[in-house]
Each structure stands twice: as structure tokens, then as C-alpha cells.
Amino acid sequence: MNSVILTTDPLDVNSTVAMVSSPFAGAIDVFIGTVRNSDEGREVSALYYEAHAEMAKSQLSKILQETKREFDVIHQVVAHRLGLLKVGEPSTIIAVASAHRAEAFSACRQIIERLKVDVPIWKKEHFKDADPEWLGV
Amino acid sequence: MNSVILTTDPLDVNSTVAMVSSPFAGAIDVFIGTVRNSDEGREVSALYYEAHAEMAKSQLSKILQETKREFDVIHQVVAHRLGLLKVGEPSTIIAVASAHRAEAFSACRQIIERLKVDVPIWKKEHFKDADPEWLGV
Amino acid sequence: MLFAIFRESLDKNEVEFELPDGSTVDDLQSAFGERFENVRKYISLSRVAVGNEFVGGDHVLRPENVVSFIPPVQGG
Amino acid sequence: MLFAIFRESLDKNEVEFELPDGSTVDDLQSAFGERFENVRKYISLSRVAVGNEFVGGDHVLRPENVVSFIPPVQGG
């Protein structure tokens, strides 16, 4: 089963892991992206995430289809939070369950790498001592 | 901070992740080993884990010291459950927090690979249709 | 459709363009840059999507296409 | 100290050996295999630890050493 979640609600690791749990799984790898308190030496107070939601869901579904074709995964879920996040909060949770650990690690890594390239989600950094900035431009 | 936990209590992903969370972290990788319902075609009903507890803790601490030297990790925890586990339950949770994701993935992977080689923990498989067996001998 | 730096700089979610038949994504980007000079510098950094799919600069647009300007993505 | 297959097969957590001065881990394994023939086949698969550290076959034992027989580990 592949699941894609975009939400402004806080993400929860336990419930994300529960979505991929299976008696056939021997390994689950979970990647959690969290809001750091600094970026290139500047103090970050919060992050604002915006998405082209429909396209982001479509691209994420395609990415999960690709990892399912490439690796022997059982269930996978990718959840991304949108809106304003505080330092320390999770922005992304990816969980992949497989029979053996190599597949879970590889698929999870591939999902986050692909997400960072092809999923239309943007991040605006709010700094302690400067005006907010959209990253990457 | 490095933490090593051996316990007969059920493991909880959220509380394990909470142990490594940090405002300096941008990435957390979590590996969860879970009890599979089969092994080489035989139906598994439960697993019993036994440890040389003092040595296992010492070896796990050494492994965490090694990953800390090798990768730029912030906090890491490895928890292993002992005793009788049902299918689907987590036997191991490893969580590593770092500023960037590459280190978290690499350190987490290295910890589980080293655990599988040098940590004195043993597994007895209970089958649906056969006598229990210690694995590896 | 406009997002992130485009949406905020222009204070709009959407703009409409009328282009000659056979116009491409490149043509749209030029027209966009001419109309909105203050965001022109971001266009070369951005990709373009039609519907939910990325398309190249030589992609020929059709009147019903909903086009999105996708500045460098920053998810995760 | 005995664990897993050794502990269960011998129904003991510990056994004591008296060996000549200068005896090595290899010597202890031989003595162990002679005394407990039913687990002899597991010895070649196993490693040995003194205290919390793995040691090689040529490690010289001292009277106060607590030695553990470590069958193939299966954690995770």
C-alpha cells in the first residue's frame, strides 16, 4: 500500500509507522525531516511550507510507484506538513516497510532524494534577525 | 548524547525519537526491526530474545562511539527488546539525529549492521508447526 | 498558477495570458517576464508544469492548459 | 558464562574450569568440548569473550577471568 499525505496538522511518527506495519515486514526505515534552528549561520525561528498540493500529491504518488517497482517494499507512506512550523517540529515523515532491511533503507533514501528534486513544495525561512526569505531563489 | 536501552518492555517509536530530537537536527533516521511471520518458508509464531546484557550494552556503547566519531551525528539511541515478542512487534529501534540527512542514514545503517555482527543477543524462533530453534547454530 | 515567490511578489494566485496558436512554454515565459519585470529574474531558475507534469521549454501549449511556474523546490 | 544454545542444552548459566597456568582460550574450548560432548559442535561456530570484550583463541586466561561462550549473534 502506498499513501501520500499533505496536511497542516502536526505529523506523528507512531501513527505513520502504524500505517506501514505488517506481519510480513522485518524492517521499517523512517526518515523524519525536522525544522533546524539555523541555516548557513542564520538563526531560524520558524519555517513556512507551501505546496502545489494537487501536483505534489501526484508527483509523490509517482515516486512511490517507482520505489515499489525498484525495491521489494511492502508498504510505504510519505507525509509532508504544510503551513507554519516551529523549530524541532517534523516537516516530513517517510516510512517504508520491507521483509529485509536493505530495501527499506534504500527505498526510504530514494523517496526523500526524489522529493527534494521533483515535488512542488516550497519553504520560506523566518529568521530571528531578518526578513523572511523563500529558499532557493 | 548516546543512549543504549535493553528492556523486556514493549518499545515505542515516538518516545525513542523524542530522545534524539534537537533544535540543531534537520534529519532523523529511524530503523525499526520487527518480528516477521515467516523465516525461510516456515511460519513463525513468536521470537524469544536473550542477551549477555552487560556485554551487549558495552558493545552497543562502543558502536555508538564509533558512529559518533565517523559521522556528524547529534544524538543517537539504540533500544533492543528482550524476552518473548509477538509477530509485528518491534525488536529493535535505532534513531539517529543529525544536521543533514546523509549522516543520519549512514550512521543508522552502520549501527544496525554492526549490531548484527558484534552484539551478544540471540534469537530463538517459535514456529507454528515445529519445535523452537536457536538461530545461527 | 503561481506559488511561493511568484505568488507573493505578484500578490496573485493566477494570471491569464493570450498567446498565438502554437506558442510554447518558452514563449509563455518570455511574455510572463515582460509583463512582470519584478519577478523576471526568477524565471530562469524555475521549471514549468502543465497540469501535474513538468514540461520542457519547447512544449506547445493549448488554450485549456493550466500552467504552473515552479520555482526551485524546497520540500523535506 | 553460558547463553542461548549453550545455556539451554546444558541447563546451566555457568560452569567452572581449572586449567594450568598459561592456558589459552583454545585450551578452554578443548576442555569445554571434552566435558560437554553434546554441545561440542557449537564451539567452532562460537566466539569467546573475556568480560565484555571478544578475544582470540591465543588469548592467555587468568584465574579471575569470567569467560563467555558467544554463539552466532542474532540481534536486531
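Residue numbering begins at 1 within each chain, and the chains themselves are lettered A, B, C and D in the order written.
We adopt the following convention: a residue touches a chain if its C-beta (ideal position, glycine included) is under 8 Å from a C-beta of that chain, and two chains touch if they have at least 3 such contacts.
Note that the structure is predicted; figures quoted are calculated from it, not measured.
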Fewest touching-chain hops separating chain B from chain C: 2
Averaged-CA centre spacing for the pair chain D and chain C, given as whole angstrom: 72
Centre-of-Cα separation between chain D and chain B, whole angstrom: 26
Multi-partner residues of chain B (at least 2 other chains): 33, 101, 112
Numbers and ranges of chain D residues touching at least 2 other chains: 76
Touching pairs among all chains present in the structure: A-B, A-C, B-D
Chain B residues touching chain A - in the complex, by the definition given at the top: 12-14, 17, 21-38, 87-88, 97, 99, 101, 104-105, 108-109, 112
Residues of chain D touching chain B in the complex: 1, 3-5, 7-8, 42, 45, 49, 51-54, 68, 70-76
Chain D contact footprint on chain B (complex, rising order): 33, 49-52, 54-56, 58-59, 80, 91-92, 112, 115-124, 134-137
